[in-house]
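Lettered A, B, C, D and E in written order, each chain numbered from 1.
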C-alpha cells in the first residue's frame, strides 16, 4: 500500500527535486562555489519574470514560438506518418532510405539558414520549415519502427477482412504503433522547438529565440535564463497536451 | 473436385526457400469442400496445417497449385472467407466489444447496431460481463474466444479456423463447438476447421482430412457418417469410438514419426 | 545492395535536377542557391584542402567522445526511467520538458567547466544527444514484451543479465533509432559549439566560410559533413544488422 | 601565454593579434597567443567573464559597460575601434534607392538591438531626419542574403565583408558609418580582460598592449601587412588595401582612445543595457587605459 | 499442509482492483504438493489457473495468503522453480538452440557444453534439425515445444507448467507428457501442471485439483490411484474411464455455469 502512496507522490517528488536543485544552485552561487556572473541566481531569474512580461511582449512572443513549433511538429507528424507508411510498405525503399533519414537528423540545417531565407522568405515560414525539417526524421524513424514491430497476425486479421489501405492504416497500423508514434512525436516536439528557437535567435526574428538573443546581448543573465524558462514552459504546454492525448488514445493495452 | 465445390484445393505445394531453411511444408494437397459441409484437418504439430490455412485464406502464396472459392481462383483474401488464427489475434487497443464489432465497423454499421450484434456473439462465447475489458485483462482462453466471436460476427460464408479451441478446456470447447455448429446450420455456412483434437474433429465434422508429417501430404480422408445433431449418446456410441480409434491410429504413426525422427 | 541502389540513385538524381532547375531559374539569389557546378567545385575545394582533414578529425574525435558520454548517460537514464514506474512518474516529464532547452545557454557554463578547447565541444555534444537517447530508450524499455521479461524473472536472471540478454536485444530497434538521432544532434551540437568559440574543427571552418560569404565552400563543408555522417550511419546500420543476426524478424 | 577570444574573424581591426603574432611582434614581447574565434561580441564577453580566456578583443563597449554595471568584473584595456568608419549600408545595384532620403519608410537592416549598427543607424535617422523602418537581421551573411533576395531594402555591412561585392558592382553604398557625425568619436568596440586576470598576469597583459600598439604601427607602415592580411582573411590584396585605406583610418584603431562614453551610455539606457549611466567612479574602475579620465 | 511439503499454498486470494475491472480471480485456495508428486490443476477457461500459476511462480503478488516452496515463503521467483508459460514466450532474436540453452547461459555455462545439453532437450521435444531456425520460422506447436525444452533444460526442482501442450496434437502431447514424466522420475522432480485436458491430467498425475468457475475456488482434489508406468492398457482400463468421467462431470457443471451465466 505504501508503495502506491510513493507512486502517487512521484510527480510531486520530481518537482521537489527540481526545486531542491535550484535551491542548491542558489546556495552554491551565494557561497561563491559557482560564478554568479556565468550562472544567475535562481531567485533573480524568478524575479526577472515580471519585468519580461511588462517590457518585452512576452505573451506575443510565447504565442509566436509556440505556434511555429506547433505548426512544425504537426507538419512533421503528417509527413512523417506518410513517409513512414511508404518506407514500411516498400521494404526496398526502407532498406534504401532509412539510413538517409538518420542522416537528415544529422544534417546541420540551422547552419544552412541562408538557403531557407532565400527559399521561404524572411518570416515565420522559414522558421516553421526549418523546424519541420528537423522534426521529420524522428517521426519517420519511430513510425517505421512502430509499424515494423506490429505482430504479423494482427495485420493478417486485417488482410483477411480485406481492409482497404486507408482502413489498415487507421484501424491497425496507427493504433498498434501508437506508443512508438507518440515517442516520435515527443522527439519531434523537442527537435522542432530547439530549432525554432535557434533560428529565431539567428535571424533575429519573432518569438522567444530573438528575446533570448537580445537579453544575452544585454548581458541580462537572469532575463536570459528566465526567457529560456519560458521556452521550457512552451514544451511543458505541449507535453501536457500530448500526455493527455496519449492517455485518451492509448489507454490499456 | 467438382466445380460446384465451395472450396477446392488442387495440387497445392508450399516450399520455404533455402533462405528460410529450405523445407516443403505442404506437398501436393488436393481436396474439396462442398457448400454447407463441415470439414476438419488434423495432423501432427508442424505438419503444415497452418501453412495450408494461410494459403486458403489468400494470405500466403502457394508455390504450386491452385485454390478456388465459390469458383474463383484465390489470389488474395476472398470476401466469402472468415478466419480465426492459431495465434492470439485480439487488437490490444480495443476492448472486448469493439474487438468483436470490428468487422461490423468495417461494414459501416452504426455504433448501436453493431454493439447489439457483437453483444450476441459475446454472449455466445461466454464473455458477458467482460465487454468493456481490454485483452490484457483477460485469460488466454477468453482472448481466444474474443477472436472467435469477432470472426463469427462477420458471418462469413466459408469459416476457416486454425485450432481455435486450443486453449480452452474440453467442456468449454465442446459447448462452443456445438454453438458454432448451430450457427453454421442456421446460416448455411461452410467450415474448415484445423484441430489437433480427434474427438473434436469426429464430433463436429462431416469429413476429416488427415495430414502426414513432413512433408505435409494428404494421408487420408475419413467421412464421419454419424447422424446430426450429435447428442451425448452418439458421443459415447461404439461408432464414434471406432472413428476416434481409426484416426488415433493414423495419427499416432505420424506423431511418433515426428518425435522419433528427431531422436533418431 | 543493388536492390537499394536504384531507388537511391533515382532519388538523388531527382533532388539534383530539382536543385539545378531552381538555381538556373534565376528566380532565386544565385549566391545562396548556386548551380551544382559551383557546389561541386566547393566540395572539391574542401576535399582538396589538406587542412580540412585535420579539422574533420578533430570534430570527429569530439563527436565520438560526446556520443560515448552522452550515449552512455542517455542509455542509463533511459533504462532507469523505463524500468521504474516511480522514477518515470517523478522525472520523465522533466526529460521531455528540458529536452528542447536551447543548449547554447549552457555553453558559457560548459566552457567554464571544460575549457575553451575540445572539452566544452564534447560536453555540448554529450548534453545534446543525452535527451533523444534517453527518451527513445525509456520508451523502448516499456515496449519490451512483458512475457519475455517474465521468462527472465522466472529464471532469476540477474540485473545485468536481464539487461544484456533480454532488454537490449528486445529493444534493438529503439536503440538503433536512439543512436541515430543522438548521433545527429551530437554532431549539430559539436558544430554549433565550434562556431561559437574555437580555432579548429569543421564548425570553425564553416564559420570562416560564412564570414567571407563563400557559399559554395559553405555548402561544400556542409555536404562533406553530411556525407561523413552518412558514412558513419550506414556503417553502424550494417553493424546492427550483423548483431541482429541475418534472418530474425523480431517480434513477429 | 595569453588566451584570446576574438569576434568577427577576418576583419582588419580584429586581425591585429593574429598578424602581430605571425610577424613575430608578440614573440619579441615574450608572448605566445592562443587565439580563439567567436561568433560575436556576446560570446567573447562570456568567455572572458567565465575566465576561459584572458583577453577579449572587439567586444561592444556598450555590452561591457552593461555587464560591468551589473557587477561583472570586466576591465577595459583599450579602445578597439572608434567611429563607425568600417560600417556601411548598401543596396543591390539595381535598387531605386540612391541616397539616404530614398530610404524613408524602407526597411533598413541592423544586426541586433543595442549593437553599434543599431545606434549608428539611429544616429543617421536623426542626422538626416529621415524615418527608416529599422529591422534586426542578425549577422553579415544572413543580412546579405536577405538584401540580395529582396526581403530587406538596405543592408548593413562591415568591411571587408561586401567590399568585394562593392568593387564588382553587385551592391552599392548608400551611406557609410563615417557619414554619421555623431558616431565619429564613439569608441564602439574595445579590448577587455577580467579583474582576476589582471591581478595575476599584469605584466603579460601590459606586454600584450605594447605589442598590440607596435603591430598596429607595422600594419599601417609595412606593405607586408597587406599581403599577410589578405591571406589570412581570404581576400584579394586589392580588397585588403581598400579595406584598410577606406574603412579603417589609423586613428580609429588607437587603443589609447576611449571617447564618446556619454553618448554610448545614453544609448545604453535607451536600449536597456544600462539602468542608468555609470558614475565616474564606476567608469574609472572599469576603464584602465593609461591617461584616461572620465 | 505438512511442513515437509515442497510446495504449500495457503489461503491464497487474488483480487484485481476496480481499475482492472474489480474481480476475484482466485479465492481462498489452499493445497500442498509433496516432493516428487505430479499434481494437475484443471478448471474452466478464465477460472484463475494462470493467476495462481503466476502467484506460485513469484511473479504476481497474492492479495492475501501465502505460498511457500521448500519451506521458504515466496516473495519473488524461487530458484527451485521452473516455469512454462501459457503464452508463447520464445525469444524471437534467438534461434532454437540458443533459446533452449538460455537458462544454462544465465548459469554461466560455456557455449559447447550448454549446446550439448540443449541438444538433448531439443531432441526430446522432437525438434532435431530445427536448431538453427528462429521462432518466426516454426509452427505454433513447435514454438511451444521450444519453451518446454528451455524450462526443462534448467532442471528445476519444481516444474510449473501452464497448459504447455495446448497447441500440440493429442499424440505429440501424450508422447511428450510421457517424456516429461520420465525426466521427472529420473530427477525426482515435482510437477504442477495446469491443463484443460482431463485425460492428460489423469494420465500424468498423482492428484488432480479441480477449480470452480469464478471465483476460482478449490472445488475438489482427486487422487489418481493408478499404477505407474501408465501403459496403454491402463489408459483404456475402466478405472481410468471412471476417473475421467468423474472429472468430466465436475467440470461440465463449472464450464456450463461459465457459458450459461453469460447467456443468462
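The criterion applied here is as follows: contacts are C-beta pairs under 8 Å (C-beta built on N, C-alpha and C of every residue); 3 or more make two chains touch, one makes a residue touch a chain.
The structure presented is a predicted model; accordingly, all values stated were derived computationally and were not measured.
Common neighbours of chain C and chain E under the contact rule above are absent. Between A-C and A-B, more contacting C-beta pairs join the chains of A-C. One inter-chain figure worth recording: chain A and chain B are separated by 48 Å, centre to centre, where each centre is the mean of the chain's CA atoms.
Per-chain Cα centroids separate chain B from chain E by 26 Å. One finds 84 Å separating the Cα centroids of chain B and chain D. Put simply, the C-alpha centre of chain C and that of chain D have 36 angstrom between them. Of all residues in chain D, those that touch two or more other chains are 46, 49-51, 139, 141, 145, 149. Looking at chain A, residues 35, 38, 114, 117-118, 151, 216 sit in touch with two or more other chains.
Shared interface positions of chain E, i.e. residues touching 2 or more other chains, are given as 87-88.
All chain pairs that count as touching, in label order, are A-B, A-C, A-D, B-E, C-D, C-E.
Partner chain E is touched in their complex by these residues of chain C: 147-148, 150-151, 153-158, 161, 165-166, 169-170, 172, 244-245, 247-252.
Those residues of chain D lying in contact with chain A across their complex are 41-42, 45-46, 49-51, 63, 66-67, 70-73, 111-115, 136-139, 141-142, 145-146, 149, 151-152, 271-273. Listed in rising order, the residues of chain B touching chain A in the complex are 54, 57-59, 76-77, 79, 81-83, 85, 87-89, 91-94, 102-103, 105-106, 134, 136-137, 154. The touching residues of chain A, when paired with chain B in their complex, are 151, 153-154, 156-157, 159-163, 167, 171-172, 175-176, 178, 250-253. Looking at the complex, you find that chain A touches chain D at residues 35, 37-38, 55, 113-114, 117-118, 121-122, 202-205, 210, 213-214, 216-221.
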